[in-house]
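Two complexes come next, and they have one chain in common, chain A, joined by chain B in the first and chain C in the second.
So, the complex of A and B:
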C-alpha cells in the first residue's frame, strides 16, 4: 500500500514537472517570434539575416528607412478606417440577424438559416472572381467600400450571436413587452446591454479578421493611396533583398493594433468564447 | 395588454411575429444574397465557360477535361491535401494536450501560459509569415540554434528545398493556430464536471487513461467543430504560402496551394475566370466531402 502511494506520488511529481516543461516550451515558442520582431527592429538587416538575438542600435535608422518608403499616416488611416467602420457595421447587421433568427423562429426562416450556415464551407477563393467582376462593373475597384461590402453580413458572427441568444432570459423579453416596448427597443435597450461580453468577443474576432484581411484587399486595392498596412509591409518583404530592419518596423506597426485590442478586451473575450461553446 | 388581445382577435399575432422576424434578418439576408449566394451561383455558371479576360466561350465540361490534364493543378491539389493530412492532426493533438495541461486546477501561472500560447492568433497572417521567413533563412536564427544544439551540422535551405519548404509552411500554420483551437478545448473543459475525473483518479485510472477515455470523448463535439473549421482553413490556405514564397508557390511549386493557383490563374497569368472558377469548385467539393466524412467518423463510434 505504502509502496503504491509512493510510486503514485512519484508519478504525480514527474507528471507535474512534465506539465510545466511542456507549457513553458509551448509558451516560449509562441512568444519568441514576437520577441524576434522587437529585436529585429533594432538591428541592421545583415544581423537579422544571421540570427542576432541581442538588441542593436539601428532602430532609428530602420524607422527612417520605413518612413521613407511608406506613407505611414495614409496607410495606417486606410487600415483603421476599413477595420473600424467594417467591424461596427458587421457587428450591428449580424447581431440583429442572429437575434432575429433565434427570437422569431418559423419553419421558413429556420430553413434559410441552415442554407446560410452551409455557405461557411465555401472558401473565399471560389467567390472571389464573381465578386471581383461585380465590383469592377460597379466601378468600385480600388475603393475601400469594395473591401468592406462583402464582409458586412458575416455568417460566422450571425451563427455566434444566435448561439449566444439562446442564453438570453425570456422573462426579460416578456417583462419588456408588458411594459409596452417595441421589438427594436427590446433589442437596443435590453438585449445589447445584457450581452456586453458577447459583443466584446465578437468585436475582437471581427476587428482582427478585418485588420489582417489580405487576399481580397490584395486584389481590389491597386494604387498606393488606398493600400492597407498589411499590403504595404508584405510588398516590402517580398523584395528580392528585403530591407528586414524596415520590414520589422512595419510588422510591429501592423501587429500593435490587434495586440492592443486583444489585451484591452481579453477578459470579456474569454468570457464571450466560454458562452458560445456551452 | 390591450394591444395583444386586439391583435389576437384579428389573428394578427402571427403576422406581427413574422413582420418583426423579416425586419430583423432582412438587412443581413439582402447582403448575403448579393455578396455570397449570387457569387456562389455565378461561380458555378462561370465554370462552364473558358477564355481570356472578359471574352469567354461556352465549353461545357471543357474545364473539367483541362483540370484532368493539368499537372500543375494536380501538384496544387496534392500539396493542399498533404498540408491538410499532416498539419490538422498535429495541431489538434497539440491543442488538446496543452488545453488538458492548462486545465489542471493546481497549475500556477495558468493565466500567463494561456495568454502566451494564445498570442500567435493575434498576429496577422502576413506579419507572422514575414517573421518566419526571416527566422528560417539559411544563416538565420533557427538554423544556427539547431546547429548549436547539435541536431544537425548543415544548415537547412528552408525556403528553397521543396521538402523543407513544406515543413516550414506546416510549422508556421501550426504555430499560428494551435492556441486558437486550444481556447475552444479549454472553454469546453471548464464546462465539464470535474468530479467525474476525480472519481476515475480515485479508482486508480492513470492520467493518460483519463485523458483518452474520459476527456477526449467528452470533448468530441468541440473536436469535431475545430477539425471542420481547421479543414476549411487549411484547404483555403493562401496568405502564408503567398507571403513565404513571394507568391510563386515555392521551389518547383512545392508549396503551391489550390487557392494560390486560383489567384495566379486569375490575377497573375492571362486571366481565365472560367477555369479558375472550376478549380474553386474543387475546393468546395473537397470541403463538403471531408466535413461529411468527419461527421460520419464521429457519429459511428458513438
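So, the complex of A and C:
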C-alpha cells in the first residue's frame, strides 16, 4: 500500500517535472523573439547578424535611422485608423449578426449559418484577385476603406458571438419584451452590457488581426502616404543590405500597440474566452 | 481618404489641357514607380527623377517602395486582375524573373525596341528582356562578376596579381591548394545551398538551364556540367570553407578567413566597408571553364525597369528612362559614387568616377575592369523557371560531392525539375 503510494507520488513528481520542463521550453520559445527584438534594437546591424544577445549602445542611432527612413506619424496613424475603425465596425456588424442567428428561429437559419461557416474554409489567396477587381472597379484601390470593407462581416466573430449568445439567458430577453422594449433596445441596453467580456475578447482578437494584417493592405495600398507600419517594416527588411537595427526599432513600434491592447484588456479577454455571463 | 494629392489632379488637368491645345510636345504628369530597397533602387530612382525634372519641370515622380517579394506579389495581382489603373507606370523586375512576366502576361509591358537605343547596353542585359524579337524594359544594375582576392595572402603563397588574370577554374583550384599550404587559409567560401555559384559558372560558359527556345537544357548542357564538376572538385580539394546562409558567406571573406571570392560587383561596398583591409584586396576576371565558348565574364543578379503598357504616362515614362538610364553618363557616375551601383550602359565607363583608381584595391581601376567584363558577359535565356532549377541543383549537389557520377546527377536534376515545372 505504502509502496504504491510512493510510486504514485513519484509518478506525480516526475509528471509535474516533465510538465514544467515542457512549459519552460514553450515559454522560452515564445518569449525569445521578443527578447531578441529588444536586444536587436540596441545593437548595430553587424552585431545583429552575428547573433549577439547582449545589449549594445546603438539604440539612439537605430531610432534615428528608422525615423529618417520612415514617416513614423503617418504610418502609425494609418495603421491605427484602420485597426480602430475596422475593429469597431466589425464588432458592431458581427455581434448583431451573431445575436440575430441565436435569437431568431427560422427554418433556414441553420442552413444559412452552415453556408456562412463554410466560407471559413476558403483561403484568402483564392478570393484575393476577384476582391481586388471589385475594389478596383469601385475606385477604392489605395484607400483604407478597401482594407476595412471585406473584413466587416467576420465569420469567425459572428460564430464567436453566436456561441457566446447561447449562454445569454432567454428569460432576460423575455422579461425585457414584456416590459415593452424593442429588439434594438434589448440588444443595446441588455445584451451589450451583459456580454461585455465577450465584446472585450472580440475586440482584442479583431484589433490584433487588423493591426497585423499584411497581405491585403499590401495588395490594395499603392502609395507611401497610405502605407501601414507592417508594410514599411517589410520594405526596410528587404534591402540588399538591410539596416537590421532600424528594422528592430520598427518591429517594436509595430508590436507595442497590440501588446498594449492585450495587457489592458487581459482580464476581460480571459473571461470572454471562457464564455462567462454574469 | 483622398486618393491622389491635389497637386496630381492639377497636373493631370494641366496635362489634359496641354494635350487638348497640342501646342507643345512638352509632357507634364506624375510617373509612379514601384521598386524595393530604400537605400539603393529608391534612392537611385529619386536621383534620376530629379535630373529629369530639371529639363521637364512639369513632370513629378511618385516612387513607392515595397519589399521585393511584395512588389512581385502586387504586380502579379494587378496583372492577373487585368485592371490597368491599379498598376504603376514603371516597375522594377529582377532579371531572372523577367521572362516569366513577359511570357505570362503578353501585352502587359510596353515594347520599346524602336524607342530606346539598346546598342549602348551590355548585350546580355538586353537579351534577357527580349521576347520574340521585341525588347521590353530598360536595363538597370548589373551583377557582372569578378574574382575578388586578398593580395597579401596570394603574395605569401607566391602568386602575383598577373597569375590570376584570365585563369581557368582548374588553375584556381591549384592556386587554392598552394594558398592553403602556405597561409593556412581556405581559398574561398561557398554556401552549397545557394545556386549562385552554379549560375555564375554556367553563364560564363554561355549557357543557362534553358536553351534559346526556352526548353529545359540540363543533361546535354556542358556548361552546367562544368559548373557542377567544378564545385565538387573545389570541395574535394578542400579549398572551400563551407558557409551556412548569406551572412556566414559574407563573414567568410570580410573577416579574413578566406583568400578570395567570386561574386557580383555589388559586393564591392561590403568588402570596402572593412577599412582595416585597405590595400590588401585585388580584382581579377572570373575564372573560366576549360571548354569551347567559355569566357572570363559572368553575372549574378541584377534588375531592370519596365513600363506598363496600360500606363497613362507610358510615353513620358519611356522618354524618361531613355533620357536618364539610356544616355546620361553623368548620372551613372553619380549613382556609382553615391550608391555603388554599376549600371549596364557600357558608355558609362568614360566618366570620371569609372576611371578612378582605388587605393583599397591596390590602386587598380576597379570600375574600368568591371566595365570591360560587363560587355563580355554571354547573353543567355533566363527562361521562366530559374528558381525551380536552382532548387533541383542545390538538392543534388551533395550527391555529386559524395561521389555520384555527374551525368547521373544531371539526370536526377532534370527529373526533379520536370516534376516541378510541368
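As a working rule, the second predicted complex is superposed on the first by the 274 of 278 C-alpha atoms of A that agree within 3 Å, B and C clash if a C-alpha of one lies under 4 Å from a C-alpha of the other, contacts with A are read in each partner's own complex, and residues count from 1 in each chain.
Keep in mind that, in the parts below, contacts are C-beta pairs under 8 Å (C-beta built on N, C-alpha and C of every residue); 3 or more make two chains touch, one makes a residue touch a chain.
No experiment lies behind these values; they were computed from the predicted model shown.
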Combined model on chain A where chain B meets chain C, clash or fit: clash
Chain B versus chain C as contact partner of A:143, first or second or both or neither: second
Contacts of A:255 with chain B and chain C, given as first, second, both or neither: first
Touched partner set for A:35, first chain B, second chain C, both or neither: neither
Touching partner for A:49 - first (chain B), second (chain C), both, neither: both
Partner with the higher number of touched chain A residues, chain C or chain B: B
Contacts of A:224 with chain B and chain C, given as first, second, both or neither: second
First, second, both or neither for A:189, with chain B first and chain C second: neither
Which superposed partner A:77 touches (first chain B, second chain C, both, neither): neither
Superposition clash, chain C against chain B - the stretch among 55-63, 73-81 or 199-207 that is involved: 73-81
On chain A, the residue positions that both chain B and chain C contact, one per complex: 49-50, 128-129, 132-133, 215, 219, 234, 237-238
Contact footprint of chain B on chain A as seen in their complex: 11, 15-16, 19, 22-24, 26-27, 29-31, 33-34, 36-37, 40, 48-51, 53, 93-94, 96-97, 99-101, 103-106, 109, 112, 116, 119-134, 149-150, 152-153, 155, 158, 178, 180, 183, 187, 208, 211-212, 214-215, 219, 230, 233-234, 237-238, 244, 247-248, 251, 254-255, 258-259, 262, 266, 270, 273-274, 277-278
Contacting residues of chain C [partner chain A, same complex]: 1, 3, 5, 32, 36-40, 62, 64-70, 73-74, 77-78, 80-83, 85-86, 88, 247, 251, 266, 269-270
Chain A residues within the chain C interface of the complex: 49-50, 69, 128-129, 132-133, 136-137, 139, 141-145, 215, 218-219, 222-226, 231, 234-241, 243
Touching residues on chain B, where the partner in the complex is chain A: 1, 3, 17-18, 20-21, 23-25, 27-29, 31-32, 35-40, 42-43, 46, 94, 97-98, 101-102, 104, 106-107, 112-113, 115-128, 130-135, 137, 139-145, 175, 178-179, 183-184, 187-188, 190-191, 206-207, 222, 232, 235-236, 238-239, 242-243, 246-247, 258-259, 262-263, 266-267, 273, 276-277, 280-281, 283-284, 287-288, 291
